[in-house]
Amino acid sequence: MMENLREVTSVLPILVFVVPVGAALLIFALGRMHRIFREALALLGLAVTFAISLVISGRVLSGELLTAWNGNLYVDGLSALMEVLGSALGIVIVLYATKYLPNHQIGLPLSPWRHTYFYGLLVLFMGTLNWTCATNSLIWMWVSLEATTLTSAFLVTFYWQRESMEAGYKYLLLISVGVTLALLGCVLIYAAAIPLLPGENLLHLTEIGNVARLMPESVVLVACAMFVAGFGTKAGLIPFHAWLPDAHAEAPVPVSALLSGIVIKIGAYALARTVTIFAPYYEAVVIFVAILASVSMVIGIVMALVQDDLKRLLAYSSVSQIAYVIEGLGLGTYLGIYGGLFHLVNHTIVKALLFLCAGALMYAAGSRKISELGTVAKKMPVTTFCFFVGALAIGGLPPFNCFMSKLTLFFALADREILWAAIIGIVTGMVTVACFVWAAFRIFWRKPAPTPNPQIAAKSVPFLMQVSMLVLALACILLGVFPQVLYPMLNAATDSILRILGAG
Amino acid sequence: MAEVIAGGNLIITLYLIHFGFSLLAAELRNLRWSVLAITLQSLFLASILATFANIAANPSLYLWSLTALITKVMLIPYLLWLYIRQLPTAETRPWLGTIPSVAVMLLLVVFIYSFLHTNVEFIAPSLEAAVEPARSNLALSLTVCSLGLWVLLVRRDAAKAVIGLVLLENGVHLSLVTLAPTLPETTLIGIVTNVIITVWLLLYLAGRIFRTLGTTDTALLSELKR
Amino acid sequence: MGPIVLLFIGFLLLVTGAMVAIATHRWRLVCSWLSFVFVLLAGGCFLYLAILVFTSGPIAMAGPLLILPGIGASLTIAIDPLSALLLLIVSIISSCTTLFSVRYTLRYQGESLVRYYPFLLFLFATIVGVVSTRDMLFFIAFWEMMTLASYALVVFERGNAVSLRAGFIYFLVTHVATACLVMAAIVLYVKTPAPHSFSFDSLSASLGAIVAANSALVHLILALFFIGFVTKAGVLPFGFWLPNAYPAAPSGATAVFAGALEKAGIYGVVRIFCELLPISHYSYVWGQVIAIFGAISIFVGTMSALTQDDSKRLMSFHAIGQIGYMLLGIGLGVFLLPINPPLATIALVAGLFHMINHSWFKPCLFLNAGSILYKTGTRDLNKVGGLLRIMPFTGATAIIASLSIAGIPPLNGFSSKLLIFESSIMSGVGSPLFIILGLVAIFISAVTLASFLKFLNSAFLGKLYAEGGIDTQKDVPLSMKIPQGVLAFLCILFGVVPLLPMRMIHSAISSILPANYSPAAGFLFGTSLPGFSLNLGQGVIGAWNPLWALLAMAILFALGFFISKAGMARTREAETWYGGREHVVEHVRYAPHSFYNPFKQIFAFTIKGIKFEGMYPRAISLPRVTMPGRLKAAFDIDHWLYYPFARGFMRLSRWFSRVHVGIPQVYILWIILGVIACIIVLFLLPAG
Amino acid sequence: MSFVIGIGILNLFIALGLAPLFEGVARKLKALVHSRIGPPLIQPYYDLLKLLGKEDIQPQGMYFARVVPWICFATVATAALFVPMGTDRAPLGAAGDAILFIYIVTLVAVCLIMTAAASENPFAFIGASREMMLQLTVEPVLVIALITAALNARSFGIGDMANWYYFKGPSISMLLATIFLFLALQAQVGKLPFDMAEAESEIVGGLFIEQSGPKYALLRWTLMAKQIIFASLFVQVFIPWPRIEILVLDILIHLAKVLGLVLLIGLIDVVNPRLRIDQAVKYYLVLVFFSLGAVAFAVIGA
């Protein structure tokens, strides 16, 4: 626990979400003139945001808590982590998208406006993400969370085909309904907490911890149920995950990498801010989250096993992997949260890598169906290597990053005497390995499919896309071999959550 | 004391009218009429806010009713009206006819009121929420929310789904009044802008779907199986 | 830092070697020779380190290299004599096999070397990692990486489906084994004292605590560890994958598997059952379990080897058999720990001595099989014959290695088998179980001899014959002869001077067992360097003096030579006599598969139609054999266990994914029902 | 040290020197049974001397084939050094030399098989495979008998076994072991019912078809010596009784017992037809199974 924490008011938390919004507006304005404008502006916006978030995390690591607007914006370890992760992923995705969007098969020739609003919405989405991480009030967090959904809705329906519109419609409708339920939960918690906090009219997330135990128990349980349901829809836990496979399958690959990488993580972040606070005081919440997570883990990966469409397979595996993160966060102990956050970071990297590989495959082979992708290994060595690194990493094999995070999670579960969850986790790990290795085997090494797809590797994968894939693959291996690189950042994030719990 | 009681039964009547219009908005098959019903319902929501302002002597509630008036009574109906013109007026046949859905709704109202009147502390977090006008307001908001969900569940038409979503948001807006009166206005404006943008995006999407699919029947939107 | 730096230099060399191999894999010879140079240097470092440890006691790192604070795991490096043994083996085996594969991989023109040398070097690095870490988490991490590297080597020949399938089975089985290790580690980790940590000492403390509480949990932990290690070592019934997986890999890699990879399993068993497990009645029970599994593998492995005609498969079955001998020795040692310290030490020394000897003759045999494959292009013994005429050096090393694995006196196999037999029979006085196991061991050593004589007679002796034709009359290139020569020389050296390695192993054993538990080496094995005597405290029970025997044999050889020359008989060269008729080699050859026909008929009992030749069901899918459908189905595990399970699983997952009907309203229904379910479950769960 | 050399020379003299004599006696007995006079007792010496002078035919290029017969002779002679003939300790034997003896004898068999295999002649291969199968099934009987004795005497030394048996007197396990070992002796020395390895009539000299001249002489000599070694082991361990502490007399008694045993073997050899190899293997496997009974009794301590 870092004791010497100084509340420092600084302009950074505001900048971190104003800059992307500004950049987005600029893109909307100038984007149509020329390709360079929109891509350069997007990259510039995200680079500046990334720099700001690095400065913020540097200051947070040195023991400062940045606040702005007298406490309404509040950046601690966890939000710094999410901002850094988000903007980093954003940069990689934009790099990938510059090459991917202009010249791939699906969809009619894209008008310049279509490109501009893609980059614009992407950067705007980053802005809303940073705003979610920065706000300190429960209700404002809900508002910004809803804003992220809105900005990413039209990214999903980018192709405006029949399927992508359907996916977009479901994405928007289901998440709005789900997140409205979470609003009910927020209102309940707000109403229960306000009388206990005199002179406080905007319920700060940091203060909830002090009164967590004093609130009436039935209200807290109902609110937790609402939170889990609402933010669970956003994160994609089983009964509420319906939008996830369709949105991932139909959205363009950079967007699905974004969805899988950051969007569901915002759901997990929201749960970390709300449900984890009640974990130490209400054993039922911990057990409930563990049950729900185990169910989503198993059913998610079981459904992934049989998918023929590569992106739907990756979507279902996201359902199963995010369950690990939420199970960790739900435990409420240092090790649990540390493991959950560690897996959150690892999964973002691995899943983004796998989606980019899927994109490269679609780019070269023009098809998403595993049955139609026969032996492409020889023609696409980099993609094969990256996909295998991703497959082995997500399975949780030692030299890669998910091994350490899953192991930390299992120890946390074992420590909290919930051994059955650990065993389910290990079994799911094995099924994940089997599912991915089998899929990789079918795609890369199997003899060509009975109906040989003519344009297999008609085009070679452009260099920029390969670079972004290699960067992510390298991150997987590096984090696997030197897990303690992330230790200071994760420790700060976990301490920030525990400080909120501890205060209570 | 008198106006309190007078105010009291004024509130009850407003509640009933509000509930009536939301039921109408849900059931009317002609989209234009249901848009009209939803605007009236929002109007009464604003009036409820106003009456609550003078009952609980909380001036900020007047501001709340003003914002509700601007957004919910003017902006959303304008958007709805703008897009409904492109869509067919008649709504596609819902799964359940009017009689069974009305019956279910009444059953739901009875259940929620009886449940809240017996053990209100189960859901009401603080003491003043458990007092008479707030309690029935809470009950009303829960019913309107469940009505909204019911519309989303049963109705097949895309526009009708938007109306269901608006009903749901109004219900939540109502609960805000009783549970979170001290909420600053900016947050409220934030929530309401969110609702507006959602409605606008959904309607634009419904329009595009209608142009490609030819119908606004969301049940047909089920290509992505398995 | 001191000498431990050598370990990092070695490790670094291997990793850079792998990188260099990746970089230069286009130019095959350059890549091979560079890898060999790197491996030789690394091997030199490890060898020097091992010798240093034997002479001046264990070396440990000052602080932990890498700390995982959250979990309490830290990569602490410590080389004690036991790991020094493994280092010794790895250093020599790695250099020999890499040198051998320099020319051997020229055979695989189709396959790119980028999937051979990097993984080979990575395999050596991970084995060194496994033996040098004192922390269970990193032990498992290295263990899993070792499996990955070996899997990559097994599926080296991408073309043929058999090796891919064998590789896949190998991958799954070893993965399940590692899962057992992980679970055992977790159960132990949770029970460690307050600041949970993974180091072996804290784990052994927690195991001690559980043993003190004498709960059945100890059996669970030990069973999980045992299955984890034994599957890797290839002990039947867990090692069923071995006869398919080893021949699939190229001979250089198979030699490493048999030489060093299996020994990691044995190292694990010794580490857990002698060091972590405190000496208690558990070691009494588990000693017998280990010994019985050893005996099973000896019997089934070697009996089925008798009937094999494929040279590499023959060697793999014998690998299983020989591992059985080691486990018999170690199991006996663990069994005797609570009762009789001197005999326990001798038994453990016997087991480990056989491990080292096995690391010399088995890779040598695999390299011989590789040379035959290199020269004649076939592994089937029926298609080759009389190669001694054109491959004298390989033939000589094959004869030495075969005789030493069969346990013929002057060679190293004999001294370790002698130790195993004497300790098992002598300990049998207390319990009859070990007499039976001893008898099985002796009888099976005769069967090993028979099987290797068949290998020698069919491959090297007899008429020169190779179905695929032989390109050049010369022996295999020099770079393939040297490793076989080195290994054969080591077999002779360890056979003639057994006391030197036994003192090393004794120091390793006494370093693991509690202090001054096992009597001094001098007391147990005598001091005279040439021979050793087994002293059990109550008098010497066995002694073997190889030098004297060799001296006598040399004198008598000279006597025989002079007698035969005394007659001054003229010598004449002549064609072999085939009853005087014209002959073609094929008609006249006595093919190996008919070598033990009578014996096979006796041991080829059939259970209702399924032909069993020497305990291991011959390839069941014999088309010709008409057998009752029911029984064939009963034996074909794939059909009644694996495929239905897989199909059921797929149907379940297809049913789950069909739940997505696509209609938005249904999904909204899910959300509503989900919320209601959440509320109900939350209220039902036991509150706070 | 001097004791070892002295006894060593004595053993060699008995095993190599007297072996042809005992063979001559056996031939004489065969002749008497066939009711003919038969060759003089020292006929085997003449055969060996004649063969030493005969022309030595060698296969081209196989140096190994030339060296192997000498190795055979050397191993048999070394085996002789491990068997106590009359004395209580074998010249080279130390404590626990029973297992050494088993393996040295196996080495002898290996050398014989190597000679056959090196000669590339299919008949020799058939002989080698038969010899190996015989060795495979007969050796366990020898091993089990020795282990029975070892378990009783609590030590692996052949001398200790003999002493223990001498002082303790007959016991059930030892009697059983004696019977089974005697039944196995026939095959170990390669006498008639089980001499299919070098069956002259079937596979034309079997193992030694390609050997000629001095090589053949050495190999015949090896067979004769092997017979004496096995006989003396049998006699030393399993019939130790008439023992007088004087060395010379003990040796003479030992020779007498060995002679009696050789005669008995010769008698069985004469009257029995040659068995097929699978019959022999089946017979000996049954014998091995029953000899386990002897070990069981030894364990119980009977």
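We call the chains A, B, C and D, going by the order they appear; numbering starts again at 1 in every chain.
Operating definition for what follows: a contact is a pair of C-beta atoms (placed from the backbone, for glycine too) under 8 Å apart; a residue touches a chain by one contact, two chains touch by 3 or more.
As the structure is a prediction and not an experimental result, all values here were calculated from the model.
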| item | value |
| --- | --- |
| Pair exhibiting more inter-chain C-beta contacts, C-D or B-C | C-D |
| Taking each chain's C-alpha mean as its centre, the one farthest from subunit B | D |
| Computed distance of Cα centres, subunit D from subunit C, in Å | 37 |
| Between subunit B and subunit D, centroid-to-centroid distance (C-alpha), Å | 108 |
| Centre-of-Cα separation between subunit D and subunit A, whole angstrom | 82 |
| Cα-centroid distance, subunit B relative to subunit C, in whole angstrom | 73 |
| Residues of subunit A touching at least two other chains | 169-170, 173, 177, 218, 222, 245-246, 307 |
| Sequence positions of subunit B contacting 2 or more other chains | 149, 152, 161, 218, 221-224, 226 |
| Sequence positions of subunit D contacting 2 or more other chains | none |
| Touch relationships between chains, expressed as pairs | A-B, A-C, B-C, C-D |
| Residues of subunit C defined as touching subunit B within the complex | 657-658, 660-665, 668-669, 672 |
| Residues on subunit C engaged by subunit A in the complex (per definition of touch) | 66-71, 137, 140-142, 144-145, 148, 158, 172, 175-176, 179, 182-183, 186, 189-190, 196, 649-650, 652-654, 656-657, 660, 662, 664, 666-668, 670-671, 673-675, 677-679, 681-683, 685-688 |
| Complex contacts: residues of subunit C adjacent to subunit D | 386, 388-389, 395, 403, 406-409, 414, 418, 421-422, 425, 428-429, 432, 435, 438-439, 442-443, 446-447, 449-450, 453-454, 456-457, 461-463, 533-534, 539-545, 548-549, 552-554, 556-557, 559-561, 563-579, 588-590, 594-596, 598-599, 601-602 |
| Residues of subunit A that touch subunit C when the two form their complex | 169-170, 173-174, 177-178, 181, 217-218, 221-222, 224-226, 228-229, 232-233, 239-240, 242-243, 245-246, 281-285, 287-288, 291-292, 299, 302-307, 316, 334-335, 338-339, 392, 397-399, 403-404, 407-408, 410-411, 414-415, 422-423, 426, 430, 433-434, 445, 482-484, 487 |
| Touching residues (chain side subunit B, partner subunit A) in the complex | 121-127, 129, 145, 149, 152, 158, 161, 165, 168-169, 172, 175-176, 179-180, 182-184, 187, 190-191, 194, 197-198, 201-202, 205-206, 208-209, 212-213, 218, 221-224, 226 |
